[in-house]
Amino acid sequence: MTLQITLPKEKTVSLSREEMQHLYRKVRKQTEWLCAPLEIEDYIPQPSMDVSPPRWNLAHTTWFFEQFVLLGFQEGYEEYQPLYNFLFNSYYQSVGERWERSRRGQLSRPTVKEVYAFRHVIDEKVLHFIHRADESQWEKAEKIIMLGIQHEQQHQELLLTDLKYILALNPLHPIYNSNNADQKLQLSEKHTNGFVDVKGGNFNVGYYQGGGFYYDNEQPAHEVYINDFKIGKGLVTNREYMEFINDGGYESFRYWLSDGWEWVKQYKIKSPLYWEKIDGEWHEMTLNGFKPVNLNAPVAHVSYYEAEAYAAWVGKRLPTEFEWEVAARQFQPDKSVGNFQEDKNFQPVPLTNSAEAQPIYQMLGDVWEWTGSAYLPYPGYRQVEGALGEYNGKFMVNQMVLRGGSCVTPRDHIRYSYRNFFQADKQWQFTGIRLADNK
Amino acid sequence: MTLQITLPKEKTVSLSREEMQHLYRKVRKQTEWLCAPLEIEDYIPQPSMDVSPPRWNLAHTTWFFEQFVLLGFQEGYEEYQPLYNFLFNSYYQSVGERWERSRRGQLSRPTVKEVYAFRHVIDEKVLHFIHRADESQWEKAEKIIMLGIQHEQQHQELLLTDLKYILALNPLHPIYNSNNADQKLQLSEKHTNGFVDVKGGNFNVGYYQGGGFYYDNEQPAHEVYINDFKIGKGLVTNREYMEFINDGGYESFRYWLSDGWEWVKQYKIKSPLYWEKIDGEWHEMTLNGFKPVNLNAPVAHVSYYEAEAYAAWVGKRLPTEFEWEVAARQFQPDKSVGNFQEDKNFQPVPLTNSAEAQPIYQMLGDVWEWTGSAYLPYPGYRQVEGALGEYNGKFMVNQMVLRGGSCVTPRDHIRYSYRNFFQADKQWQFTGIRLADNK
Amino acid sequence: MTLQITLPKEKTVSLSREEMQHLYRKVRKQTEWLCAPLEIEDYIPQPSMDVSPPRWNLAHTTWFFEQFVLLGFQEGYEEYQPLYNFLFNSYYQSVGERWERSRRGQLSRPTVKEVYAFRHVIDEKVLHFIHRADESQWEKAEKIIMLGIQHEQQHQELLLTDLKYILALNPLHPIYNSNNADQKLQLSEKHTNGFVDVKGGNFNVGYYQGGGFYYDNEQPAHEVYINDFKIGKGLVTNREYMEFINDGGYESFRYWLSDGWEWVKQYKIKSPLYWEKIDGEWHEMTLNGFKPVNLNAPVAHVSYYEAEAYAAWVGKRLPTEFEWEVAARQFQPDKSVGNFQEDKNFQPVPLTNSAEAQPIYQMLGDVWEWTGSAYLPYPGYRQVEGALGEYNGKFMVNQMVLRGGSCVTPRDHIRYSYRNFFQADKQWQFTGIRLADNK
Amino acid sequence: MTLQITLPKEKTVSLSREEMQHLYRKVRKQTEWLCAPLEIEDYIPQPSMDVSPPRWNLAHTTWFFEQFVLLGFQEGYEEYQPLYNFLFNSYYQSVGERWERSRRGQLSRPTVKEVYAFRHVIDEKVLHFIHRADESQWEKAEKIIMLGIQHEQQHQELLLTDLKYILALNPLHPIYNSNNADQKLQLSEKHTNGFVDVKGGNFNVGYYQGGGFYYDNEQPAHEVYINDFKIGKGLVTNREYMEFINDGGYESFRYWLSDGWEWVKQYKIKSPLYWEKIDGEWHEMTLNGFKPVNLNAPVAHVSYYEAEAYAAWVGKRLPTEFEWEVAARQFQPDKSVGNFQEDKNFQPVPLTNSAEAQPIYQMLGDVWEWTGSAYLPYPGYRQVEGALGEYNGKFMVNQMVLRGGSCVTPRDHIRYSYRNFFQADKQWQFTGIRLADNK
C-alpha cells in the first residue's frame, strides 16, 4: 500500500541529538527485528497492488533518509546507488521518475543482503550527520529525521500487514511467529457489549496538546458541534460478526451501501479477509498460523463497506471521527493496556482483565476503527511548503478515516488525534468495528 | 447516470387532488416538450455507462408511476407490458431483476412510438387514480406521486445532459435547439470576482422551513459550527479557467489530488468536457451547437478533481456544503433571476444585469457548484421504511456534494438545502466552481 | 464484423455496361428490400464489436462505391458529405482516419432517412458513370464495380446476421419475418447420417474454372496431395448436437482444444448461440421469431471450438478445406436446391426431398461449414497493387476457413473455391458442422 | 509459458536400464547446473503470465516424475508433500485442481532449498525404480521416463528464456553468465544472404526414421505436394533487421497482418524484445549482460507478426513448415556445428567458419525459425489413450509452427521433424527469421 505521508507543520519536537540518535537506532533496529523470522523468499513477492514486498519496505524507508536527509542537507553527497532512487521512491513526483508500483514484485535484484547493506551504510551516515550537522542544518533536519522515524514506524505496520497477506495466500500456511496470543485465545468470554452516553456540544478536535510529534492532517485544531450520542463500550467480536454472516448478511443488498453491494458481488465476498470455512467451522490465517476463528476476539480485516453493513444490520451506525475523538479524550483509555506491536501478539486479542478495567474497551490498539467520516482537510488546513510538503493533502478524497491504532502499530506512534485513512473497500489492514448510536 | 433517489420522510405537501393533477400534467408534458426537437435516432444510443438513452428516460419515469402508484395501490392492476418492469427499472433491487444498465443502448425495441403510447396510457390511469382513490389510499399515495413528479424533474435534467453527451460526440455536430443564449454571448464582461465575508458560529442547516417537498437526505436539520469564512461573489468563468489551462494546470501534478492526477493521466484530460481546440482557439459543443467558448460564461463540465485543482492553483479552496448553505440563506439569492431550464438557454450564461444586482452572483441555476464536502448522512438520519425507502442512504459514500442547481434544472425543483452528489471524476453534468477562503 | 475483403487479381468478368447496370441495380435494391421490415430503431444499436448497426452496413457499402468508383475515377468529384468517409470507412488505412469501430452504435446521426438519400444519390451517379465512362476508365472501373457488388452481397449476409444478433438479445423477441420456414419445420425426419468415401491423390484446388468473379484468396489454383478420406453425407443436426450437450459435452475438458475450454469457462458457454432452455426444452431465437429448436434442422451458430469438440466427442474430425473442395467438385452439389438468401427462410432447414436427392446433402447453403484448415495464403499468392489491394492478405492469421455458404448468402455469390474465414470463437454467423474421417 | 507436451505414440526407444539411469542423471544435473549462477531472489518473480519463476520450473519437472512415474507405477506410494501436486501441476486437468498459473510469482514458499530437497528425494526414488521395476512395469514406464527426460529438456530451455526475461526487465541489468559469446561478437561479417533452389514434388514429411524418440505431433509421417521454391541460405541478421526498422517498418501498416498491426499499436512495439536505444545506438539485454546489438548475429526475439512483416517488407515470405523440413532433409545441416545450449553462448552468434561450410547456414540451433504454417494435426493424427495422452492435440489451434531449435535448446533434443509452436505475438523465446520465395 502507498504510505500516504502527512507532515508536521512546525517544529514541535525537541529531542537532544543523543536522544534522536537513540530513537533512530531503536526504531531502525525494531524494523529489522520484525524481519528476523523471514526466509529470503518471503521478501520478494507482491501478490497485489496494495501489498509491497518486505524487501521494498526495508529499502524504501532507507531511501527516505538518504533522499531527504543526506541528499537534502549534505553538499556533494553521492547516492549509494543512483538507481535506488528510481526503484524505491514510492510516490514523490518531484523526486523524479519511479519504478511502477504494480511491478515491485517483478524484481529479482537487489538481493536482500544488498538491501541490508544499504540500510547499514545509510544508518551510519545518518547517525554521523546527526552528530556533525551545524545548528542551522539541525534546526531544519531535526523534524525531517523525526518524520523519517515516524515514517519507518508506519512501514513497520505495513510490513507486517503485507507479510500477513503474502503468507496467508500460500496453501502451505507458513507461520510468522508463534507466541502468547494463543494463550489469550483461551480466555473466557468477557462482556464487551453496551453503549456509553456522551453529552453533545461544541468541542475542540485535532492536535492541540503541544509538545509531541503530529502530522499536519491533525491540524488546525478546531471547533465542532456534536449532538448527544452513544458509543459502543467494546469492539464488535468475531462471535457477533458471525451472527451477521449466519443471518445472510452477505446475501442481502438491504444492509449495504450501493458501492459496497457491487463490491460484494464482484469479488464474491463472504467473510472478513483471511477467513476460510472448513467442515462448517470458520478458520482464519494469522501471523501465528492457521487456526479456528477466536470467537471472543474483535473482528478484524473488514472493509468500511462491511463495517457499515454490519452496523446497518444491527440498526446502529459507525461513529464519526469527531465522536470517536471526543469519547477518547473524555474516557482517557490507557495506551499501556492496549494491544500494540510491542506486545508481539500480532493479532487482536479478546478483552483482558486490565482492558476491562478501562472505562471504554480496546479503544487504542487491537484494530483500527472505521469511522463514518470521509478523509478531508480540517478547516484552515494549508499545505506545507517545499519538496516533502508536496503531497500533504493529496490523498484527501475518496477515503474514510480510521482511528485508534492496531495490534501491529508501535505503541508510541498513536494519539487521540491520529487520523488513518483507507478506501472503503480495503480489508488487508487490521481494521475493525465500534458502533455508535444517536441519543 | 443512475438517478439516486432520496425520499421525503413524512407528509409535508398538501396539494388538493386537482392541484396534483395539474402539476402532474404540467411536469409530464414538459418532459415531452423537451424531446420535441429529437429525431427517432437520437433516442437510442448509450455512448457510456453514465449516459442513458432518451427513450430509456421517458420509459423509466413512466415505469416509476406504474410500479409505485398503480401497482402499489390498485388491487388487481395488470402491468401494461410485464417486461417493461425488467427493462426500465433502474436500481430497485426489491422490485426484481433488471436489464443490465450498461446495455440500455443495445435495445432496438420498444420503439419510441410504443414508449410514448406507454406514457400516455399510464398518464391517463394516474390522473384517474388521483381522482378516484379513497382517502386512506390518497393519504399514502399523495407523497409517492409527488415523489414521482420530483423524480420526473430530475430525469428532465438527466435527459438533457445525456442528450448533450450523445450529440456532442457526433462529428456531425447536431444542434438540439437554437435560442437566445447566443444573444447573451454578446453581453459585455461584467465583474464576477471578489469574495464576501461570512461570520462564523453555530448554524442550523438542512431542510427546516416546512411546508414544501424535500428529500430525506436534507434531514434532519441540525446544528453545525462554522469558522469565519469568505465565499466567491461569482462563479469561475471560462476566461479564468483558461488561465489555469494556459499556465499548465493539466500538466503539473502540483495542483492535483493524487486520484485526480491519476485520472488526468489515464484519460489524457486537457480541458473541461466538450472543449476542443481548433486552430488555437477553444471551442465547445453546446445544446445550441458547436461554437467558440464564451469567455464570460461560467466554466461548466468540470469534475471535482478539476474544481479542486483550479482552487489549489488560485491558492483558495472550495466551500463546504454548509458554508454554501449558510451563505445562501444569508444572502437570499433570488431564484427568479437564476438561469434554469425554463429559460431555454440550456447552457450557462454570462452575468446579466439582473444577476449582478444580487448580493451574490449566480448562486442558483447556471451550474451545480462542487463543494468540498463528502456526501454523508446528516446526524440522526434514518432510512425510510418500505420498498421505496429501500435505498435512501445507499449512495452515501465515495461522492461529493453539489449545490444550487443548473441551467437544465427546473426552477421550482431547487432549494437552499438541496443536495446533489456525484463521484469526483464526473464531468458530464453542468458542474462548475465557486471558490471560498479562510478569513 | 469487419468484412475482410479479398480482391480479384485480373479481369475475369466481361459484362456489358447494360448488364452491369442491371446487376448493380438488382443487388443494391435487394439490400434495401432486406431492410423493409425494420423499424428505425432497429438500425441503430451495436450490441458487440462484431456486430455493426444496419444503418452502418447501408452507408458503408455506399461509401465503398463513392470512394473507389466515383472518387477514384471522376476528376473533380466532390464527396456527398466529407465526414462520411470518416464515419463509414471500415478498415482501409490508406483512405485515412476512421470512426472507431467499437463506437458505431454511439451515433445518433445521420438519420436513416439521410442514409437512404445518400444511397440513392450515389446509385444515380454510379449508374451514370457506368454509362458515360470512357473505355480506358471502364477497363479499370469494371472490376472495381463488380467487386463493389460482391462486397454489397457480403454485407447483405452481414446485415442479416447482425440484425439477428440485435433482435435476439431483446427480451421482447421481435420478429424479422414470418415465412415458410415454419412449414419446413414440420417435415418428417430424413436420414442425414453416414459417410461417403473419397479416393486420395494429387488434386487441383482453388479458382481455375475461368470466366466468373473470384477473390484473390482463391488463387493461385494449385496442386495438393490428399490421403483417402471419408466425408459426412449430411450436416450435423440439432438432434445430434443435443446428444453432445446431454452427454455433458460442455462440462468435460476432454473434448476441447485448450483455447476452446478456456472460452467455454470464461463465457460460460452451454449451447450454440441463441439457444435458451425453458422448462427443460431448448428454444432458439430465429429471424422468424422465438421457437422450440427444430430437431431435424442442421445445427447453426456454433464456433470452431464447438465444431471441433463435437467431432472429438463423436470420434471423428472436421474436413480440411481441400477435402471439402475435392468432395464438392466430385459430387457436384446443385446450388439450385440449396437453402440461400433468396429462399427467404433466413434459417437452416431440415433435409428436403430435393436436397436428399443430391449425392451429398446440403453442402451449399444452409450453414457455413467449419473446416480444420487455418486461413493462410495459397502457394504463390501475391498481393494486388494499389489502394484496394492494400489489404488482400492482411487477415491471413489466427482464423479458420469455412466453406459452402449459408441460408443468408445470396445464391450466386457462392462457388466451390470460395473461402470464408473467422476466428475460432465466433458464433454469430450461420456456422455449422460436417464431419470427416480417415479411410 | 505452458509447456505444451506432445507424446510418443508407441515404444520407439530401447535404452538399457543403466543407460536410462545415466541419461536421467545427466539431464537432471544439467538443469541444476544451469541454475548455479542464480541468487535465491532470482528464483521467485513471475513478471508475466508467460514467464514461470525458475523455482517453479525446478519443482514442476520433478512433480512430473513423481506424478507419472512414482505415483503411476508404485503401489502405495505416498506423495512427498501432497500440496505440491496442487502447486506444481501445469495444466493436466485430469490430475486435479491447480494453483492458478498467473499466481506462480505470489508464492514465498516452499523455499528454494526445499525444492532442491524435493528434487533429490524424487531423483533417488526414480533411479531406484528404474533398477527395481519388474518387466511389465518397465515396458510401460520406460517411455514415460523418456518423456519426462525430454520434458525436463524442454524446461531447461524455458528456464533460460524465463530467466532472461526476469533479468532483462531489471534496471540493474544483472548478468547470468559471462562467456565466449563475446569473442564471437568480434568475428568479421560473413556472407549470409542468398537463396537456394529446391525442386518441388511429392515428399514424405514427419517422423519416419525410426529408432529414436519423437513426439506424437510429428506423426503420422505423410505425403505432401510442394511447388518448387527457394529458401534463404542464412538467417536474417540484426543488421538486416535494423534496415527494416530504419525504413519505418514499425510505423507503416503496409507490411503488417491486421492482427499484427493492432499488436504493434497496442503495445507500442518498436523493435525486437530486449532492445533499447541509447544515444542513437541499439543495445540489447542478453544472458551475458547488456550490450550493443551485434550486427552480424541473427535477429532474435521477434514475433511471428514481426517475421511476417519483415518478409513482406523484403518482398519475400516465410517458408512453410514442410518446405523447411524438405530443405533440411535435403541439405542435411550438421547438428554438431549448430549453436546449442551445450555451447554456453546462451545467445545467437554470427556465422562461424564451420557453419559457413554447411550447404545451408544455421538451420539447427541459434534461433527457432518461424514458418508460415499453422500448428494443426497431421492427417490421420490420433490422440494417445490415457492420462498423459489427455492433451496431445489440445494446443492445435491459434499457433504457428517453428522449426530448428535455438541456442538454449539441448543439442540432442532437436530433429528435422521437430515441431515447436507459439502464438503469433510471442517474442520471449529465441525466435528468428529465415526467408523463402517462390520459384
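Here are a few things to note about the model shown:
For clarity, chains are labelled A, B, C and D in written order, and residue numbers in each chain start from 1.
Here is the rule we use: a residue touches a chain if its C-beta (ideal position, glycine included) is under 8 Å from a C-beta of that chain, and two chains touch if they have at least 3 such contacts.
Because the structure is predicted, anything quoted here is derived from the model rather than measured.
Counting steps between touching chains, the shortest path from chain B to chain D takes 2.
Work out the mean CA point of chain A and of chain C, and you get 61 Å between them.
For the pair chain A and chain B, the distance between C-alpha centroids works out to 38 Å. Mean C-alpha position of chain A lies 47 Å from that of chain D.
For chain A, the set of residues touching two or more other chains is empty. Contact between chains, as defined at the top, is found for A-B, A-D, B-C, C-D.
Those residues of chain C that touch chain D in the shared complex are 4, 91, 93, 202, 222-227, 253-254, 256-261, 304-305, 308, 317, 320, 372-374, 376-377, 379-380, 390-391, 393-398, 400, 424, 438. Listed in rising order, the residues of chain B touching chain C in the complex are 39-47, 83, 86-87, 99, 103, 105-112, 166-167, 169-172, 174.
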